[in-house]
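Below, each structure is written out as structure tokens.
Each of the two complexes below includes subunit A, the first together with subunit B, the second together with subunit C.
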Partner chain A sequence: MTETQHFWRWSEKTYQAPDLDWRAASSITVGVDVGSVSSQAVILADGKLLAFNSTRTGSSSPDSALRAFRGAAEPIGLTLDDISYAVGTGYGRVNVPFADRTITEIACHARGANHMGGPSIRTILDMGGQDCKVIRIDERGKVLNFIMNDKCAAGTGRGMEVIADVLSVPIEDIGRRSFEIDEEPAAVSNVCTVFAKSEATSLLRAGWSVNKVLAAYCAAMAQRVAGLIERMQVEREFFITGGIGKNIGVTRRIERLIGVEAIKLPADSVLDPQIAGALGASLFAHSLYRKAQKEAAAAGGTAPGNGGTPGGAAEPAGEGAGVAG
Partner chain B sequence: MQVRIDGVALNVPEGVSILQACDLAGRYVPRLCSYPGIGCGGELGVSCGLCVVEVTGGRRDSEPVPTLSCCMPVRPGMDITTSGPALHADRLRRLADILDHHPHICLSCPDRDGCSREECRFGVPVEGRCCSEFGRCELGKLVAYIDPGLQLRRWAAVVPREAHDEGRIRREQGLCIGCGRCVMICASSPFAGSALQMEDIVAPAATGQAGLAAIQRGAIPDAGGRCRALPVKGTLRASGCTFCGQCVMVCPTGAVTAPGEAGARWLENCRKKSPVASPVLPPDSWRWLTEDELAAIPPVPGVFQLADSTGQVLRIAGVADLSRGVIAALMEATCASASRLWFERAELFTQRESELLARYAQDHGHLPPGNDLGDDLFGEDLFDEDLE
Partner chain C sequence: MIANYGYEDGSGFYYITVDTDICIGCTEYGCTKVCPGNVFAVEMDDYDDFVCTVAEGARKRLRELCSVCKAQNGSGGTERKLPCTAACPGGALRHSW
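What follows is the complex of A and B.
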């Protein structure tokens, strides 16, 4: 039996800060983003980036949340019991079993992008697994307005995975290869994911190279997204989050269409646009934990230390509940 | 004076119309040309005919007589029936005449919620699709109320979609259903400049004073006369428009709008400067927050909205358990003044929540107060530099 190659499979990414001892930290806050296609966990120690992990969402959201967390935490020996505060976000946010609170992915992507791109960011393009959002934010990363397209997989991460499989091109090579062409082709007219296979096959049969077909698909996705951005009347600095944020075949074409260059992460940054939601959630978790500490102190109680809040309801739970000194 | 409305005796002030009496009684009667504080299209001879009710007594007739409730004042002893198979059939027929000349296919589309509005999955051309007021327009709500079972033929009624922008006001004449509201408020409001008039496309049987007199005698004009509102001298500016925005506020369709976020903000300002009465809308699924209603919320996944008594939405949320979720939200400080509730069952409630939030944000240019995260969750990242 030959092993089938899954061209859609993107590499799962994990990071642990090399020189941070979380055992010395007074708070461990976690953000978990359970999306429709991928799940991420970001762990902060006293607000500093300790670890993150990005993995594929499985059939069970609670399992995916745990898998994302463990991928980040296990290499450094951190367990659920060490968490001071956790925030769940994303499409499956209510299925993060250890979350103290849930916050929408819109707010979390805004906060995360603000952190990655700096306070000048005013517009975020979040290209997720199954939807696409344009979010306008203020200088603190607070959501002012947003629009979304969630009824069509074309132009989303899932759509890109289908194209990768149909053309047998590893998904991480699509962006680069879509520029290895003699001449930019017209965008494919039908970006429907359902018809991608027959569309691509007929183009290949008509003599197009694989790279040219990729270019035509990337251009079509960029066009769809650019339309959404223009509806938001964007002029100022923008940042791209989500998995497709890593596909230059789409992002560069979006930049060309709207005539604005996206703010990028520094080349040496360990961060990844795909973790923006979980990063935002972890920052909210940090703020919420500090707020709970202050309130506890003001109420005359002892400030909660680095204690566990195991379990916890997925719906907004009492802040700092279940803190053992 | 005493009248009976749907079998319930009621004292109403003298001089009110049957329609106003029904509003006082809390019995909703469909209407398009009539608007509170402005009058009804009968005054312009453009009656929509939807407000037809059956009236017995108050005259010598003993048989119930179909009567246009907006134009007819109440008389003592009237017995008014606001609904029934004959009335419903009549309203459907009149609504069909309106929809024949107004795009409406999106109202019954399976993708109506959350459609990108960019491309149509069914290939309906832009001219046949609903306009940017889709989801908000009064006509759409009326269609949902009168024809929830989709008895009327729904099709891609194509109209010319030429937009005329002046200031923040956009006119799309093709979308005008000729209800006459904008013309009436423009002529009668102290803020407006009498800049609009009706123009016949197909002349009705009787117009003007003769038409009104006929209606008041009990005659119901044949549906079939069609007209539209236009500026008196071609453009709004040339016609003396004051840009008070009141025509936009009363239009039941997308024929006169203030597009975009800037338009929404402008209109909100206009509302403060030159307010108009709220429209009487078909009863929707908003309910008052009573003990009984709270107890009746099912423990199923879904989305809900909480609003105060003025209709201001305070909170939008998708929850795994509606019953628990609503009660938890009512504990939040921003929802203290909540008095009305809307909910809907949705398995994909987090996604549906985002859709409702997106729609709200597009309409208002900001998120509902209860969905705004507190300022204390922002701007105190002491360790920013460490994350770079």
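What follows is the complex of A and C.
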């Protein structure tokens, strides 16, 4: 019996800060981004990056949120009871069972990108699993303007997964291989994921190499996204978040089309553009927790969550809970 | 904040634009009452203000939901001929069609 190879399967990633003892922290705040394709959890100890995990979203959003959290927390012995405040974001944000509040992925990606790329970031392209957005922010990471398109799977992470499977190329090799060509081909005219298989087959039959077909798909995807970016008019600096941010076959072609180079994370950075939403959510959680603590102290009460002591009992959301638009 | 929700088809990009800074303080919510496709909702935004938004369930269906009214705007422009734009007292809603 032959084993099926899943070419679309991207590497799930987990990180735990080696030199940070969360038991000494006064607050543990968590951001969970449940997207249509992937889910991430980012944990901060007193506002510093403690751990994160990126995993595939399953059929149940609550289970995906818990799996993302546990993937980050369990290696360091942290449990749900240790959380001071949690924010849910992404498509499945209302289904994060331990969230004290939900915030849109637009605001969270903005804040995450501001943290990753610095205060000079003004334009963000978020290329998610099933849609893409262009977001304009100020120096504090606050959203000023955003554009959201009803892109089908073409032009998104899911579309790239389908193309990886159709061409039997591991998804993480697509970007590199799309440049291993003699000359840049014209972009395919139809990036529809439904027709991807027949179109790829016909191009291969016409004598195209697999790498050339990959290049044509990456170029087509870049063209569709560049059209969205140009509607917003790129203001420097420019930053790309989401899983496709790691596919140089698409990102470099976008940069060429719009004439602006995206800010990159340093080579030694532990951060990943795919966790930008969850990172932003965790930063919101940290700010909201501190705000709630100050308000509670002024009123002589206790803050939401476990009152700021890791290891204490978690409480349901207080007045801070709400569904953001 | 300027929020743009839209779609792209063979003839171009189409967007509903909401200036949420104008929405803040509105109590009429006219957009939610007149839209035949129930495209709009009033929700608390990320900065704790109640503003008009394109409802989550409508965001990927604008092509279909807005087709009922789209023709009423003729070639577009600044005139507020659509039911939603006409019902918005502050002029926070705009359409690109």
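Details
Everything below uses one rule, namely that the second predicted complex is superposed on the first by the 299 of 325 C-alpha atoms of A that agree within 3 Å, B and C clash if a C-alpha of one lies under 4 Å from a C-alpha of the other, contacts with A are read in each partner's own complex, and residues count from 1 in each chain.
By definition in this document, contacts are C-beta pairs under 8 Å (C-beta built on N, C-alpha and C of every residue); 3 or more make two chains touch, one makes a residue touch a chain.
In this text, all values refer to a predicted model and were calculated from it rather than measured experimentally.
Contacts of A:H115 after superposition: subunit B is touched, whereas subunit C is not reached.
Look at A:G227: by the touch rule set out above, it reaches both subunit B and subunit C. In the superposition on chain A, no contact is made by A:V194 with either subunit B or subunit C.
After overlaying the two complexes on the shared chain, residue contacts for A:V143 are found with subunit B and with subunit C alike. Taking subunit B and subunit C in turn and counting the residues of subunit A each one touches, the greater count comes from B. Shared-chain residue A:A297: touches no atom of subunit B or subunit C. Across the superposed pair, subunit B and subunit C both touch subunit A at residues 103-104, 106-107, 131, 142-151, 224, 227-228.
Residues 103-104, 106-107, 131, 142-151, 224, 227-228, 231, 322-325 of subunit A touch subunit C in their complex.
Those residues of subunit C that touch subunit A in the complex are listed here as 1-8, 13, 15, 41, 43-48, 51, 53, 59-63. By the touch criterion stated above, subunit B contacts subunit A in their complex at residues 111, 114-116, 118, 121, 260-261, 319-320, 324-325, 328, 350-351, 353-355, 357-358, 361-362, 365-367, 371-373, 375-384, 386-388. On subunit A, the positions that touch subunit B within their shared complex are 46-49, 90-94, 103-107, 111, 115, 131, 133, 140-152, 224, 227-228, 233, 266, 269, 271, 279, 283-284, 287-288, 290-291, 314-316.
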